[in-house]
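Okay, got some structures for you below.
There are two complexes below, and they share chain A, which is joined by chain B in the first and by chain C in the second.
And now, the complex of A and B:
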């Protein structure tokens, strides 16, 4: 399966819930309503889109601003979660 | 609703914060010897961190009238920070939503938001509006406690979903399987047939009305 979000699996019924189960442990981009990006490895998330991730990097206006280990992001601020290809250590 | 950071000026007889029993607030974790950093200000320490099922409360060990609290509804994120470029000591880094539009400079009644709110005894002496604080670090003297502290914050944050969610199902996904499969919501496109004429809407009923009529 490619790293793109959705769309790539021919013939299988992919629901949003399936997508979220399939991306655990993968590098993801989480974009907040504020426009801030968090990139890291998705550890887990719940039905409120609360997100826990590891090796987290925070990008503001496309620029790396901070690096964290484990991070927790409150779901009501999340605009979207997307998978991504990571060139570092993937 | 997100209130942001507030100051806490009174504490209960056991030295801990007053708990809001109407919310069944309980203390989940107590971490002694913690410094607190608000924004770019210098660290305030030493203090004791109380993680409750509703809030983070930091109470100064030296000044019994000094403390801060932020509810989980206001905590947009928290993380373990070991990046020495960001802060020299390992700490919990968090971002706080003050509940106001960042461009807003005025209270709801239109007055300048620079002044502190008056003493309100119903809030157990909570005064001071620190809703302008958007970043907070918690620096435990014992850095090995960070992982556990982070997890406690995750657990307690998860106990505090928004009371009026934008989604009606409280986190449930709404989707119609048929719609997904027929490409209305991004399903497999291969078998979808598009009727171009229909798309162009040649139906004369949808033409603009003539404007030559008088009166209306």
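And now, the complex of A and C:
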């Protein structure tokens, strides 16, 4: 069985913890339980999935609603964290 | 134990510490937002804020016109304890440029 993800160059991550360590500094999409999307550059995160991001954009229903220079997101709200090839103006 | 770089790793909470005594913007559940001065916080994101403005946003959709009517109500408090489990996001205040 071939493991490893398809997109993003994170082929050698074995556990979720490894993944979390490997994605710092990358552009990510963070989806919250509420459905709101945050796109930005991952500054750091911890085991509770608390997240610190830079250049964050908030998308509600696919629409850009807000921009934050820095954003800290409480981990319990996070549904997933995904890496992305961030294309501005997408 | 293999030496890891973890001693130098910053946690998101460490970065919030940089905002102590600064004004911040907090997004809460139930469509609420706060702007105030961060006096204290903990790992639950319980916070003590001073000179705080709370904005509650509600959106009504008109049955006939399907118009979105956005209403906000505000209140101001000199001092506020925020329970951490309602916090969604914390950020330096949005600058209106």
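Assorted remarks:
Here is the rule we go by: the second predicted complex is superposed on the first by the 74 of 90 C-alpha atoms of A that agree within 3 Å, B and C clash if a C-alpha of one lies under 4 Å from a C-alpha of the other, contacts with A are read in each partner's own complex, and residues count from 1 in each chain.
Keep in mind that, in the parts below, contacts are C-beta pairs under 8 Å (C-beta built on N, C-alpha and C of every residue); 3 or more make two chains touch, one makes a residue touch a chain.
Bear in mind the structure is a predicted one, so any value in this text is a computation, not a measurement.
In this overlay on chain A, chain B clashes with chain C.
Shared-chain residue A:62: touches no atom of chain B or chain C. By the document's definition of touching, of the two partners only chain B reaches A:17; chain C does not. Of the two partner chains, both chain B and chain C are touched by A:72.
When both complexes are overlaid on chain A, the residue A:45 reaches chain C alone and has no touch with chain B.
When the two complexes are overlaid, the chain among chain B and chain C that reaches more residues of chain A is B. Chain C runs into chain B after superposition on chain A, and of the options 9-17, 117-125, 153-161 or 189-197 the stretch responsible is 153-161. Residues common to the contacts of chain A with chain B and with chain C across the two structures: 32, 38, 46, 50, 52, 56, 66-74, 76-77. Residue ranges on chain A touching chain B, taken from their complex, read 6-7, 10-11, 13-17, 32, 38, 46-50, 52, 56, 66-77.
Listed in rising order, the residues of chain C touching chain A in the complex are 9-13, 15-16, 25, 29, 45, 84-85, 87-92, 94.
Here chain B touches chain A in the complex through residues 72, 75-83, 86, 93, 97, 147, 150, 153-154, 157-158, 161-162, 165-166, 170-173, 175, 177, 180-181, 186-188, 190, going by the rule given at the top. Chain A makes touch with chain C in their complex at residues 32, 34, 38, 43-46, 50-52, 56, 66-74, 76-77.
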